[in-house]
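Dropping the structures in below, format is structure tokens.
Here subunit A shows up in two complexes: once beside subunit B, once beside subunit C.
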Partner chain A sequence: MSAQGLELQHVGYKKMTKVILNDISVKIPLGRLVVLLGENGVGKTTLMRVISDLNKGYQGKVCLNGVSDERRKSLISFSDNLSSFRSKISLNDVIAFYQQGYPDFDLQRVNELLNFMRIDPLQRLGSLSKGNREKFVIALTLARRTRLYLLDEPLSGVDIFSRDKIISSLVKWIDNDSLLLISTHHLSELEQVIDDVLILKDQTMLEYRNVEDIRQQEGLSVEEYYRQTYLEH
Partner chain B sequence: MGVAGLAISLFWPLGMLLKLGVNRSFWTSFAIGETVIAFILLGIGFICLFASINQVWLSNRFRLLPASTSQLYFSNLLMKTAGFLLIIGLLALIDFALSGLILRNWLMTPIEFQRAISKATFSMTDVMNVVVSFVDAMVSLIVELTFLLILTETLENFVAEKYQRLVGVVSFIVLLFLFSFVDEKISNLISNDIVSVTSVLFDAVVVILCIWASIYLLKNWVESRK
Partner chain C sequence: MEITKFKANLPIYLQVSDLLAERIIRGSYPVNSKVPSVRELAEELTTNPRTIQNALKELIDAQILITRRGQGNFVTADRSKIVELKQQRVKQKTAEYLDSLQPFLSWNEIITAVEKEIAKRREQ
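Let's look at the complex of A and B:
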């Protein structure tokens, strides 16, 4: 039972002498939608890359459903920025790559997601606007049927109407036995759908807390609580 | 690159024909030109091959795939090398066919050609030596250079970002020189023959060590770029 979910044990990461993450320990069960908060450069992306095994040489242990070695990659869907694909490649070809590379990639789901986001898969990757590219990345990430979804600031370039639409439907695309970790600066828009918040400050974890508890015990919205906690420490 | 090679292989003789006409000097110039171009293309091909192999380690696209580091390493090297050999092989085949045609039809009479061919004798050992040398050289070259590039990427992690490119280039040159020097010295100590069981075994040991070290470095040190 305890092995189900994401567990970070004293995770730290340094680049040369610069500490980027320091002693982060947390247990997050499956079935949660968690928002990762912190100011720019605090280590949100690095934490996601460490969890995905893209960053090497980190200290501590990252364990997902009891798997702590590189095999955990098969349980993680990370929102890659697709920078290594040529700009002339069509979206259908990118989808074909994902379909061949990931056994858990659901073609029907990606088509539903693209339809939902109004993205034509016949377009070339280079012809997409920033917002549409981000929507495409979200669709590819969520189209896998896996345990952990990592969305790294997925909505920064998406227009407000599409953002509302995507956020309100996030729950629908995530299975009950999966976990979604999303980093964002648009907290107020996500507030109604998230279960927990994980706050990073000064390269370490400041708080991991349930959203309902914050509302009931503190009488604050998540954004208010985030501001207050951040300034107090 | 394959298309460029094919185009040069086919259009080079046409260009020369226009310039020199069909005479003996045309065929000599053509043969020399083809050889030079073949070597240039081979050099460019090798640079592209290693750049392409190295790109995989640095790309999220491939590093995120649900495959172990060993699987990624072997599939990358095998597929990229197979693709390279296919293109080079096709070009070589076209060049050999053209050379054969030239020899047979223009530089020799058909009877001279038949005589030359019938006089050439190859023992099974000679053929085996050529095959073993080729495979040994190809595998050693690809595995060892890949290892040096991975080691260079690892070393780059230990310097500030603005110096990484400079350190990468310098350390690759230094490592290449050191590796070749030591490899050659030990190889000469073990055996003086280019193709002997001992020298092939030595190369095999070096290749296995390089594969092990490459996978270790990839698994623990080499990160994809953001």
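Let's look at the complex of A and C:
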């Protein structure tokens, strides 16, 4: 059995007595870009937090490259909304903070990404527009050299040009040794860059499927397929 | 910078391999020359590298591209392969075109329409 990749075994999560996630089992190999789909409130963010071991007390097992205890945290880069930083802090200072906090943080990589996205690191965090703030978050998240990248709604509230820029930067940073999991409501923009979709519905996983298979076997776009599958079940 | 958009309801790797085949037929990728790497193509076309690999595999299987170990993929030196590729494309595109008109036009009407359109374009 190959231990490379992300494996969930009967993963569930409850908040008090309310079931948020129920019995999710899936195996995702490294080297893939996966989109996490599901309507608002279905538990996409919760699933990412469980995978990152930020939500404790979940049921089942989460295993990343053979590591299933909390040590897997060091293999995961989860997009942060940066709300713990004061607005007056400069981007460079945020970057310095990341560099100190994460030994796998790659300064050259963050600078390349910021340069590509045309973000000036001398700016203050509070002066960034929503789109530029998203880009900055993505640059910080992808700048760690790690195995699993979790991006929670990286395209929300971002204009189409910034979205294109973000999507192009995702393509640049895909490699065979890592895995990107992205939650989004902007599926159509991501269709041609993703490998697989993971669909959540009613607290559990409806499907995990390769997108080229969907196009080849169903003759549908991923968005059409998602809509159809969602309504059928 | 603009993102190349592919049709969302057809496998992207087939669309990419069609696009690369057209570049080879046009001579944008000349005979015996190296085609861009998987990564370069993925970035240029904003697609997944795996999609590019699958597209290249189609052309390698058809012997249009030749893999030289450690060097990358090259357009075949065998021009007859490219002529064959072009003929295939012509046949495929013509068939698609005729399929779209056949339900409501006769052969003669299609020929007349094509001739008219060509004459018009020649004048422009």
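Just so we're on the same page, the second predicted complex is superposed on the first by the 231 of 233 C-alpha atoms of A that agree within 3 Å, B and C clash if a C-alpha of one lies under 4 Å from a C-alpha of the other, contacts with A are read in each partner's own complex, and residues count from 1 in each chain.
In this text, a contact is a pair of C-beta atoms (placed from the backbone, for glycine too) under 8 Å apart; a residue touches a chain by one contact, two chains touch by 3 or more.
These numbers were taken from a predicted model, which means no experiment stands behind them.
A.B. asks: Which holds for A:172: it touches subunit B only (first), subunit C only (second), both, or neither?
C.D. replies: The second partner, subunit C, only.
A.B. asks: After lining up the shared chain so the two structures overlap, which partner does A:101 touch, if you call subunit B first and subunit C second: first, second, both or neither?
C.D. replies: first
A.B. asks: May I ask you to decide whether A:164 touches subunit B, subunit C, both, or neither, giving the answer as first, second, both or neither?
C.D. replies: second
A.B. asks: In the superposed arrangement, which partner chain does A:55 touch: subunit B (first), subunit C (second), both, or neither?
C.D. replies: After superposing on A, A:55 lies in contact with subunit B but is clear of subunit C.
A.B. asks: For A:73, select first, second, both or neither according to whether it touches subunit B, subunit C, the two together, or no partner.
C.D. replies: In the superposition, A:73 touches subunit B alone.
A.B. asks: Is A:16 contacted by the first partner subunit B, the second partner subunit C, both or neither?
C.D. replies: In the superposition, A:16 contacts subunit B only.
A.B. asks: When the two structures are overlaid on chain A, which partner does A:224 contact: first (subunit B), second (subunit C), both, or neither?
C.D. replies: So A:224 only meets subunit C here.
A.B. asks: Look at A:85 in the shared chain and tell me whether it touches subunit B only, subunit C only, both, or neither; answer first, second, both or neither.
C.D. replies: first
A.B. asks: In the complex, go through subunit C and note every residue touching subunit A.
C.D. replies: 1-3, 5-6, 8-13, 42-43, 46-51, 54
A.B. asks: What part of subunit B is in contact with subunit A in the complex they form?
C.D. replies: Contacts found on subunit B: 55, 59-66, 68-69, 157-160, 219-224, 226.
A.B. asks: Taking the complex as given, what residues does subunit A use to touch subunit C?
C.D. replies: 31-33, 164-165, 167-168, 171-172, 174, 188, 191-195, 212, 215-216, 219-224
A.B. asks: State the interface residues of subunit A toward subunit B in the complex, per the touch definition above.
C.D. replies: That would be residues 15-16, 45, 49, 52-57, 70-71, 73-74, 76, 78, 80-85, 97, 101-103 of subunit A.
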